[in-house]
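As written, the chains take the letters A, B and C, and residue 1 is the first residue of each chain.
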Amino acid sequence: MSFAEGKFTAKDIAEKPELFLSGHRACAGCAAPTVLRLVMKATRGPTIVTNATGCMEVSSTIYPYTSWATPWLHTAFETAGSNASGIEAALKILRKKGRIKDEQVDVIAFAGDGGTYDIGIQALSGAVERGHDFLYVLYDNEAYMNTGIQRSGGTPLGASTTTSQAGSVVPGKTERKKPIADIMVAHEMPYVATAAPYYWKDLIQKARKGIEVNGPAFLHVYAPCPRGWRSDTSKSIELSRLAVETCIFPLWEAVNGEFQLSIPSKVIALAPQKKKPVKGYLQTQGRFRHLFTPKNEKILDEIQKQTDRSWNKLLKKCGMTPPAKTAA
Amino acid sequence: MSSKDKGWREISPAGVCWKSSGTYLTGDWKTYTPVRDTEKCTKCLLCTIYCPDGAIHWKKDKGDIEFDLSFCKGCGICANECPTKAITMKIE
Amino acid sequence: MKSAVKQEVHGLNGDEAVALAVKQADVDVVAAYPITPQTIIVEKFSEYVASGEVNTEYVCTESEHSAMAACLAASAVGARTFTATASAGMALMHEMLFVTSGCRAPVVMAVANRALSAPLNIHGDHSDSMAERDSGWIQMYAENAQEVYDSMLQAFRIAEHLDVQLPVMVGLDGFTLSHTLENVQVMLDDVVSRFVGTRQLPNVVTHEGKTVPYKLDPANPMTMGPVALQNYYFEFKRQQEEAMQNALRIIQQIHDEYAELTGRRYGDGLLEQYQLDDAEIAIVCAGSTAGTVKTVIDDLRAGGIKAGLLRIRTFRPFPAIQIAKSLEKAKAVAVMDKSISFGGNGGALFHETRHALYDAHTRPYMVNYVYGLGGRDVSPSQIRGIYEDLRKIMQTKHVDELVKYVGLRE
């Protein structure tokens, strides 16, 4: 079994003890707990977890209950990155002084798009610049879901949220999704990757790579939210697959800045006819319903265009030639 | 407010949680319940991997899958992802 | 009082005294962000780090908010942590101050007390720490660099005491203390080590049903910083208040132990009385201004005027009972506030001191003098003027203005 090399089976995962326990109060069908469960399956030994305020923090630690089998700390909304810095620094010095066991203890910080794109970006950027050894996992449900589906820097173009409502004058969010993973690559950090829970093996492998890397690692994971996206509770994992197949959320890794397409997206790069039109993905979610009116048709086109442009840019970064004709 | 809640002198300071959520049964949330057709099930274990609530277990000693309905919220992800459509969601 | 141990005289300003105390206290993690007039603290400490004189993880965070979060998180792992700030930096940390005390983390912080914006002002007043008096932190104010050094060392013991477990901030007046060179008696490293000791952790009950030391430890996992709904939040706050009340006793205890060692006392550790026993007119104040007041008192006493001073060393927890006892016999008292609570009829020190006297058998006339905002200097003659006002009040038995401003240009 080598997790970082992808040499493990579903059975290996199923037989590993759960570190994120049942009994949490996440919505039925929320993909984020799946993401957390799978990332925790990638741990290799003693681990300390810190969480920013958000869906996963609130739903997993309602006093006196907790769903965490590892040491776990929450302080505030902005502080996933700064908590991780403090924990990592303390572990380093206490180990050096012989006050704690001389063993490797991994640090994982979980935060949503709220605590990462927006209010938490400073602490994340600072922690990465200082080179602390930790894995930062962004579970992205594309809005401030915990406080009632308000728009975030991670909300995509056209999405209707409670603070970027689709009305007769304004058709949902008019700004693009912030390219957070690219921003992290620009930090020249050792490891950045994107993942989706449908591709569980890829996700676990990447989480493990992030843990094993010496220094900061950033994992951007897509986490569909049936409540906020107005999608079916049973489709959350399927939506994460569709997001990859439409190239809205391509899967890649940047090891020391060197981009590499992951297999599910590489398959599409090599066979462009497999690239699905974004319409099929957007149609599954009520937050995009208003785009399917004649008035807003051009936004649909814009989303397709932007997706294609970003996809082609990514292909170039991965050293592949974009197709001569963009997919329909 | 439950009369079983503890007073300020009885609880540890700083809010350290003293109950595992494994004792908080979310199974009564569900409207639909998963039903597995053991004939169709290939034990690929994808359902155990995708379940957000970890309510599906691979029982190594029994060599079989077990659904823990006391935690299952009835989301239907398992049924949707099962490659052989061995799981169907039935009204409780 | 004689010192029980050998001490050396160093020429240090307040900031350097802080840095030296932190160095000697074997702090594990320092996470800080520079801000005038605290910069010398972080720079001096950085020197120690660069020359290998300290065994400390030094994290230059990208803001004060992150500094406090990192200190809290490091403390949660069991480390002894320190940070320093002032003014806007303290204000930026505001949210995290409450979280730190709520998590019962014994973080120690030096505050080079400085005015809050707007307008921007880098000079000394108490508005930064006064604005945080509800944060659940123990708050102390030093009169001189010597007291800064002494209070810093005591702070670690106070914060980490099992009956307290609250963060402590030690205030030193911006520029007046932070940047002014004084002779400071410094203990030797091994004596300090013994006094400060190693951090003890309280025990907590975890979700595994175990009773273990309160720290993030893979061997004994626990969840810190959960959501507490309406049915539990209140109880945690009551626990914090209990710890604050315990601190009144503990601060005195540790101060006395330190006094035995060094021969230096600051009253009883909570309050310092200067010529207060038979004083008819008295000033109440905190910080370096007390030094000026003492000089004025000496002059007045020489002329037969029964003037006295009550210096507030510990503002949180507020030693109300001791304050009431100290001021009961005075005829007229002026509380000097180096900060203001807008719309609140005076400053915080005035409010709380007056509150402490409300139930007293005999109550002096009490008036407020707001002074020194934005580093405005206050002179001995202005203080003499305050005592003059108090004499008039005592004689006429009449107060014309409850709140006055010292040195304000009308």
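By definition in this document, contacts are C-beta pairs under 8 Å (C-beta built on N, C-alpha and C of every residue); 3 or more make two chains touch, one makes a residue touch a chain.
From a predicted model like this one, the values you see are computed outputs, not experimental measurements.
Counting C-beta pairs in contact across A-C and across B-C gives the higher total for A-C. Among the remaining chains, the Cα-based centre furthest from that of chain C is the centre of B. Between chain A and chain B, the centres computed from C-alpha atoms are 23 Å apart. The mean-CA centres of chain A and chain C are about 44 angstrom from one another, to the nearest whole unit.
If each chain is reduced to the centroid of its CA atoms, chain B and chain C end up 51 Å from each other. Within chain B, the positions touching two or more other chains are listed as 11, 15, 17-20.
In chain A, the residues touching two or more other chains are 61, 63-66.
Listed for chain C are residues 103, 207, 222-226, 228, 232, each touching two or more other chains. Looking at the complex, you find that chain A touches chain B at residues 10-11, 13-15, 18, 20-34, 37-38, 60-61, 63-67, 197-198, 200, 226, 232-238.
Those residues of chain B whose C-beta lies close enough to touch chain C in the complex are 1-2, 5-8, 11-20. Every residue of chain C that touches chain B in the complex is listed here, in rising order: 102-104, 165, 202-209, 214, 222-226, 228, 230-232, 234-236, 238-239, 242-243. The touching residues of chain C, counted against chain A in their complex, run 28-29, 31, 55-57, 59-63, 65-67, 69-79, 81, 95-96, 99, 103, 198, 207, 216-229, 232.
Remark: chain A residues 46-48, 50, 57-58, 61-66, 68-76, 78-79, 81-87, 89-94, 96-97, 99-101, 105, 122-123, 125-126, 129-130 touch chain C in the complex.
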